[in-house]
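Supplied in structure tokens, the structure appears directly below.
Going by the order they are written in, the chains are A, B, C and D; count residues from 1 in each one.
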Amino acid sequence: MTQTHFVHGWSIDQVAARIAQDIPDGSFVNLGIGQPTKVGDALPADREILLHSENGILGMGPTPTPDQFDPELINAGKMAVTLLTGGSYFHHTDSFMIMRGGHLDISVLGAYEVSVNGDLANWSTGDPTHPPAVGGAMDLAVGAKAVFAMLTHTTKDGRSKIVRECSYPLTASHVVDRIYTNLAVIAVQSDGLHVVERAPGVSAEFLTAATEAPLVQC
Amino acid sequence: MTQTHFVHGWSIDQVAARIAQDIPDGSFVNLGIGQPTKVGDALPADREILLHSENGILGMGPTPTPDQFDPELINAGKMAVTLLTGGSYFHHTDSFMIMRGGHLDISVLGAYEVSVNGDLANWSTGDPTHPPAVGGAMDLAVGAKAVFAMLTHTTKDGRSKIVRECSYPLTASHVVDRIYTNLAVIAVQSDGLHVVERAPGVSAEFLTAATEAPLVQC
Amino acid sequence: MIDRRVADVHEAVSGITDGAVLLVGGFGNSGIPAYLCDAVLDLGVKDLTIVNNNGGSGETDVAALIRENRVRKLICSYPRASNSHWFSRRWSEGTLELEVIPQGTMSERMRAAGAGLGGFFTPTGADTELANGKETRLINGRLHVFEEPLPGDFALVRADLADRWGNLTYHSAARNFGPTMCTAATTTIVEVREFVELGDLDPEHIITPGIFVDRVVAVGAPTLMPKSA
Amino acid sequence: MIDRRVADVHEAVSGITDGAVLLVGGFGNSGIPAYLCDAVLDLGVKDLTIVNNNGGSGETDVAALIRENRVRKLICSYPRASNSHWFSRRWSEGTLELEVIPQGTMSERMRAAGAGLGGFFTPTGADTELANGKETRLINGRLHVFEEPLPGDFALVRADLADRWGNLTYHSAARNFGPTMCTAATTTIVEVREFVELGDLDPEHIITPGIFVDRVVAVGAPTLMPKSA
């Protein structure tokens, strides 16, 4: 497991819970690999929220018990999962119709950077010594009705990941609707980034100082 | 039933049988509405030939007995049919993938006219007082590995339907591989129309005289 | 809680307004959502655009909507049938606009809408008058025509069984346009023979996952018969 | 008589030659046609182009073909995995060409090949470096990129059950790329858990109709396990 160090504000689990809170009952949701998978564990028990996995699953359930284990039933992160009662299987092209055709209510994606106009960079650091690998990131970013980006607010050396313009190669432009970081929840609107909520102990001034992009504070 | 008057040569049933003879064992075939449906009754019992219907059937069987009758199981001509053991159902877009994607071995189509270069006209007489209606004709003409055209050699007033250039609106250009009429079997090749077989009693001279397009006699 | 089931056909078709584009399933009488079409007739909406493979037959469903002058435009592949007299009459009068599309292109255009594509090139119809006014392109030596997605405001579809989540199975050749139309409309409305409990449909056998379905109503067996052979 | 069944994996992969384009099913280890990949390795062919979602893992199937320098080019969406060391090594050495495509575009391009389309426009990747050198077009105010069909000379697919006609069912998430790849190759070769009699597969439940399948071989259960959680 990757250890990510949070200097301030919410823990990763708390950010996941905060995202889960914003997912309405009855939603169809895809959780990207990495941090967003934690949102699955945080979904409120009193809401019926269906998880989609790009490899052809709707109604994905939790990790199997030994007697539920099916070696061919894995999620997009290649981990063993289960299927809920009422879930279904379909082939990859149909699965990506769901993603690309605007049928998912919410896609939660990890991010390297998000820009003031909702551009998302989450697939490549541009390092030519690393082979490129995109997976379903661009399909998810482009196709869902709403895109939530989940990321730490700053890099380990303190550089803001909420930027005026992405420095990393884009995944898609103008797609992110909400940004969830350890420091704040931020709505991407046509007139800029609006702070919806700050984590406990994070002041407006601190948040502004930690963010390269201009913010409209709440 | 439409009555078609054959002046010379084979009957419609005989043409259907002649076509059936040219369909190899193991073929996947679509029979267009009208005359081509008669080919189904003429298929040799010792060959396993699977019929496709554009409304989502592979392995279509004959007319049902009363106890087999399923009101929703119809063929492209909207007649009640059955499904053979081993047959399958699929949706319309998948069915047309089969037709358009080059997966059918043979498509047998009725025709108003066929030209020397294999152009097919079979969907419209160009009469502006009749509403246009194309159905799956263009998909079948374009997508099958081989297209057989089945038609009477001449119109009722003696005009050749095997022409230098089609006068009716095209269904598709350069698609017909073989022409089956009451007078002859004709192969469409890059260097012209080659007579494969003449019906009994039809001389080379008669056939040439009855055909507008130039023929290479056998 | 996800529950796509509604109590009756009137609730099922609520919200359809004048000028709506309706994708109506069925090939001939097989798979026609006859109960939903009747409910649309009762709703009294007009200026509809209907996308259906055919142009109605007899006096029911699509034919009834055409007869009652509710349809401004019909998009189909094959409007003529032995008893498509209402289509013929309204078309001849000039009160019904007609757009004829090759059947496979019609289905593929709806799929493109459901798949979020901006359009595709196909050889079907490229060298015919149905490509008039459309962009063509030579691809690998073969002429292709560019076809745009064909989305609907509403899809009206008949299926066989549905559960609470809107998962669907179909019956034999009544499947036809249903699964594709379910993906291509803003609001997808389905009539089924009957409801089953969540979990009664095998996850391997569900044809339309509930994500594509907005409302389902149970109406019993289909009423329409094919022509006798 | 239609009989797609062959006796063993070596007969199944016969005819694959140097330079062939192979569409290889599977997502991670789920649905990977491991037995067929081993048979391709035994066949000794080289300069292969492999289309697979990933770049192989460990020492088996796609990874083994890459390790043994049989693969000239890999077309995939996500070549990296915790144990994709053979991909990484050959790519770093410069002996393995890599083309990365968004996963949905890869699947849609193979479908386009199977459906006889000349290509399509998609917004996925249109405003990214993966669209470099490709045609783009503004459609309804959104940038789209033109993507070409992606056909294979051979498809290697794993399914669950098959009958004599080559009708297939799949098991849970192992379905993934199989049904699409079956449509997109000149010759489609399938390994299944076991054969069943014609008629044992319900016509409503067949996922890949036999028309898309050329050869089927029965190999038993899959051997590969997912990562533990």
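Structural remarks
The criterion applied here is as follows: a residue touches a chain if its C-beta (ideal position, glycine included) is under 8 Å from a C-beta of that chain, and two chains touch if they have at least 3 such contacts.
Given the structure is predicted, the values throughout are model-derived calculations rather than measurements.
Chain pairs B-C and B-D differ in how many C-beta pairs they share in contact, with the greater number at B-C. With each centre defined as the average position of its C-alpha atoms, the distance from subunit B to subunit C rounds to 28 Å. Distance between subunit A and subunit C, defined via averaged C-alpha coordinates, is recorded as 35 Å.
Chain geometry summary: the mean Cα position of subunit A and that of subunit B are 55 Å apart.
Residue numbers of subunit C whose C-beta contacts span two or more other chains: 108, 111, 115-117, 122-123, 170-172, 203-204. Residue positions 83, 89-90, 96, 100, 142-143 of subunit A each touch two or more of the other chains.
The touch graph of the protein chains shown belongs to none of the named shapes.
Remark: the chains found to touch one another pair up as A-C, A-D, B-C, B-D, C-D.
Subunit B contributes residues 53-57, 63, 70-74, 78-80, 83, 89-93, 95-96, 99-100, 124, 129-139, 142-143, 169-173 to its touches with subunit C in the complex. Within the complex, the subunit C residues that touch subunit B are 27-31, 55, 77-81, 87-88, 91-92, 98, 100-105, 107-108, 110-111, 122-125, 127-130, 170-180, 207, 222, 224-229. The touching residues of subunit C, when paired with subunit D in their complex, are 108, 112, 115-123, 137, 139-140, 142, 144, 169-172, 202-205.
Only residues 1-2, 111, 113-117, 163-165, 167, 183, 198-199, 201, 203-204, 206, 209-212 of subunit C touch subunit A when the two sit together in their complex. Within the complex formed with subunit D, the subunit B residues making contact are 25-26, 28, 48, 50, 52, 58-59, 83, 85-90, 96-98, 100-104, 142-143.
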